[in-house]
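Listed below are the structures to be examined.
Two complexes, one shared chain (subunit A), two partners (subunit B, subunit C).
Right after this comes the complex of A and B.
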């Protein structure tokens, strides 16, 4: 064999090795990892920068001048703590989100049970209709709600009540979708078992169904809280002026005027609230479904043993 | 507990869903204290029948008499029947004690009584000491026992069991079969057992009903149904059977004469007065093989061994008869190997007393699952 041929073979095998590396079906999915991390960075970096500038020592939102908490409470005029408009907006946002959770969750849960367990004429269209608020453009919903509250139910008008009603209207769908999914996955067998053991439908609901739905109820409450605190369009349409401005509205108008890092600060605070509610929901879900998840793991293990 | 509790009568019971009739005018009488099985392939209506008796479904027509009272329209929580579900349906948010106590608490029994009765029920199913466990911390067999204790603690007149052993592995199933049967004799109440496993039904039941397509095909003691199947379906579903198409030409000397191809056979097991299109049925263990060339006699066909299958306790021979039918013959494994090699010509003897002639009817094939 000549040296040339040998060199050629070396090149070939290098090529094969690269191709093999790319095509190896057992390798870790490198491309997917790359895409995933690019996306995470892409979506997180702007948020992190905004959070960073909420701690800026100067009034600039673009030039970093050192760490300070002045925009949270240090500044006697413009900090979140001392600026009455910002503080008021935060309270209004939390008020709306809290009321939304307290009203939309119970209604949504009952609606979900009704829709999941009712199999008669009209049940299918109603189930489908529940998706409507999820796909309706929010601006359309905002306009129609405004028209309703100012033209039809004029005794409501605009303001906090209208905002709460608006938030509840579109939040219920999220509760229904989440709880209904759980209802379908647990099936009817537990209710039947309860009835079999002498529980009336009401007792079966309170003693069996609601405890089993708890993780879904907690999760949907957290989602409702998060989307309500995040909402701009509906809060804005139904706002009756400065007193009912929420944080997103305040941030929006501040950004158009002379933005200060305090805007970033209040955004950060709101984000923390949202994160906290989601983390709580996740933890609750873990705690309440612990038994079930273990059972499922056990089942797969049993299966594995059986197959051996 | 009186022995007269737990008698079930189903009168013209029918359940129609949107486009299927799941249960079709069923008539059954189950005396108190009997271990009764509903046996059939999946989709035969056995589970729907059980759910009708439990009250989870409302009948379209007919009556469900429980000790003489029609309970067809009584809601499930007011019926004195309890159910052991196929996948147990133990409440995952409650521990063993609370699961078993659930029914007593609904009946508002005093605390001390609940404690005492739960302890006794758990003792009955040998689970004392497991009170604090969650159902997810139990094995399949243990969950099954909790489900039993939970249902039995209310002293039901009838216990309904929906394939309760279906999810367990073969060995545990065998052990629990015996245990369930023992338990039934101990508590003395009616057990209505739904299964698609014919062996389970045969070994445990006092009597059983074979169901097919929403109808009851045959009711009787296990031996009766196995030895004396009244329809082609029952013969085919219960145990392995050889089924051959034939033309029956009526009774001769107490036996039924049938023509298969150009051969004439006589069957004296079962009815003799069958005429017209018929099926000839014989169990594999009753088929006898004789060496090729032995003098012929009645009920004998020439054939050839097509396949020899080692089954363990027995050897199965698939024999192609001269009629074109493939027949199964089961030979006891005596340790000397197969009596005939593959490809050997043999003479097949189908003894008249083991040969049954059944009117063909609408013969559906049995779906195994």
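Right after this comes the complex of A and C.
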């Protein structure tokens, strides 16, 4: 009886909605729905079309001629797999991102803990210095690093080493921001409890604090990987020619010349790498913080990390 | 329980890294901008001691930036592009963020993921997507000629200001929507209910309650996208490439990579950074304040 009444009421409210819509299609939320979904489509459909053309059977990026994996590995000359410039660019991108994760994550984690707890002389300027790379336009950083490697640290010069050093420089602050958020939310009571129970400082740090920070460390590693893969400006300013070109640099030079669908193909491959690393990090975060989440409040906090 | 030197010790490698590879390099730009140029090799000669600085090149560039100078048009164009792109971004971004924060209901998490997604797709990939769409035989031209909006395909990629502005909006708007969403999502619904109970119309509730309460998000997001837009050179390069749409970043890029006059490039960089200092300081202050709030909770 009640189920029938419920269903009936559902039908009625649907009917009212349709009638309301017909009477005034521009009532506020409807306008907002339209704007929001148009925006979402506008922001994503061009990328999906670019992905579609990476599977095109002909050399055109504008005329669809049927599905083929030719630009990934089929074509003996111009495919991602067979064109050495594209392959090298992919390897260079992954090399920089891997080195960046390995160097920036530990330095950033230590810096986050240090800055959160150090209160003495020098802590304020250090905090200030850490925030700077987040707001400096990339071209200013690119110019600075280029000049320092060509004028002062001439023994390094431009090239892969300089690119890695540059990527680490802009990545550290992101690690700090993510890890610091986690540090503040867990507080100090767990370490104090461990100390009360007789743990030495080393044990409190490695057996209590480190495991609690693991989700933030994993998340920041993934974010560093993603921003390094996507970086164009720093890689370009510190590149020493074709051999150190990354995928974004290839895309940049290809779009200015005559791009083939293989450019779309390599961009698609790198996009998958980025999204995969973030999905893995998100899942890791969920697993590590299981049992901590308090309904919705926790959920938005999880997402906050990925909003950076 | 921990030794006093432990925390500065933890911070040490990171602080040292940022001093050596962030602060000192920025000083190098200043030293080059206030330096001299080797008359024979035409190479930049930085002057490291501020007491010996040579302001000649900075003054030269400032002169060119003034009305009538060769950089005046570029500077004006940069400011105009950034201002229009920012206005359009706010116009599109605010309703989107507002809808997701207030009315999305069950769709909220899905929509959040969909608006975060572009942030993790390479900027260059997203520009490449538009280059494909805007090509002379691309989907945009085909659609517009098919619907007879245009009688013949338009050369979108041949140096159109509208294309560059569209690309800037497309590239940076996701960074604006997130802070807007965060600010709107934080607004306590009871304030809005109170306003309505006291007789405010929906519009005046929005104008006097929602809008002022989201001001921090608007300003924060606006600064967050304005800073990189002022330093952008690759967007106009990719979607236009013509000198008539070049921005101030293109000048810096030109003097370093093609013009072979790094001193002028460094001088423009220093002036740009000085121009953006106010915005940078404001944004750093908001991050600082946010982290202090987290700490006190």
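One rule holds for everything that comes next: the second predicted complex is superposed on the first by the 252 of 308 C-alpha atoms of A that agree within 3 Å, B and C clash if a C-alpha of one lies under 4 Å from a C-alpha of the other, contacts with A are read in each partner's own complex, and residues count from 1 in each chain.
Keep this in mind: a contact is a pair of C-beta atoms (placed from the backbone, for glycine too) under 8 Å apart; a residue touches a chain by one contact, two chains touch by 3 or more.
Predicted model only: the values in this text are computed from it and were never measured.
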Looking at the overlay, does A:91 come into contact with subunit B only (first), subunit C only (second), both, or neither? neither
Considering only touches as defined above, state whether A:29 meets subunit B (first), subunit C (second), both or neither. second
Kindly classify A:122 by the partners it touches after superposition: subunit B alone (first), subunit C alone (second), both, or neither? second
Regarding the shared-chain residue A:102, is it in contact with subunit B (first), subunit C (second), both, or neither? neither
For A:276, decide between first (touching subunit B), second (touching subunit C), both and neither. neither
When both partners are placed on the shared chain, which of subunit B and subunit C touches more of subunit A: C
Just checking: does A:189 make contact with subunit B only, subunit C only, both, or neither of them? Give me first, second, both or neither. first
Which of the two partners, first being subunit B and second being subunit C, lies in contact with A:212: first, second, both, or neither? first
With both complexes overlaid on chain A, does A:198 touch subunit B (first), subunit C (second), both or neither? first
Go through subunit A and flag every residue that touches subunit B in one model and subunit C in the other. 192, 195, 204, 306
In the complex of these two chains, what residues of subunit C are touching subunit A? 1-4, 6-15, 17-19, 21-26, 28-29, 32, 44, 46, 92, 95-96, 98-100, 103-104, 109, 111-112, 114-133, 135, 137-139, 170, 173-174, 178, 182, 185, 202, 227-228, 230-234, 237-238, 241, 249, 252-253, 256, 262, 265-266, 269, 272-273, 276, 279-280, 283-284, 287-288, 291, 294-295, 297
Contact footprint of subunit A on subunit B as seen in their complex: 54-56, 75-78, 81-83, 85, 87, 89-93, 102-103, 106-107, 134-137, 140, 150-151, 154, 169
Which residues of subunit A touch subunit B in their complex? 189-190, 192-200, 203-204, 207-208, 211-212, 288, 291-292, 294-295, 298, 302, 306
Using the touch rule from the top, collect the residues of subunit A that touch subunit C in their complex. 28-29, 31-33, 35-36, 39-40, 42-44, 46-47, 49-50, 53, 61-63, 107-108, 110-111, 113-115, 117-120, 122-123, 126-141, 143-148, 151-152, 165-166, 168-169, 172, 176-177, 180-181, 184-185, 191-192, 195, 201, 204, 226, 229-230, 232-233, 237, 247-248, 251-252, 254-256, 259, 263-264, 267-268, 270-271, 274-275, 278, 299-300, 303-304, 306-307
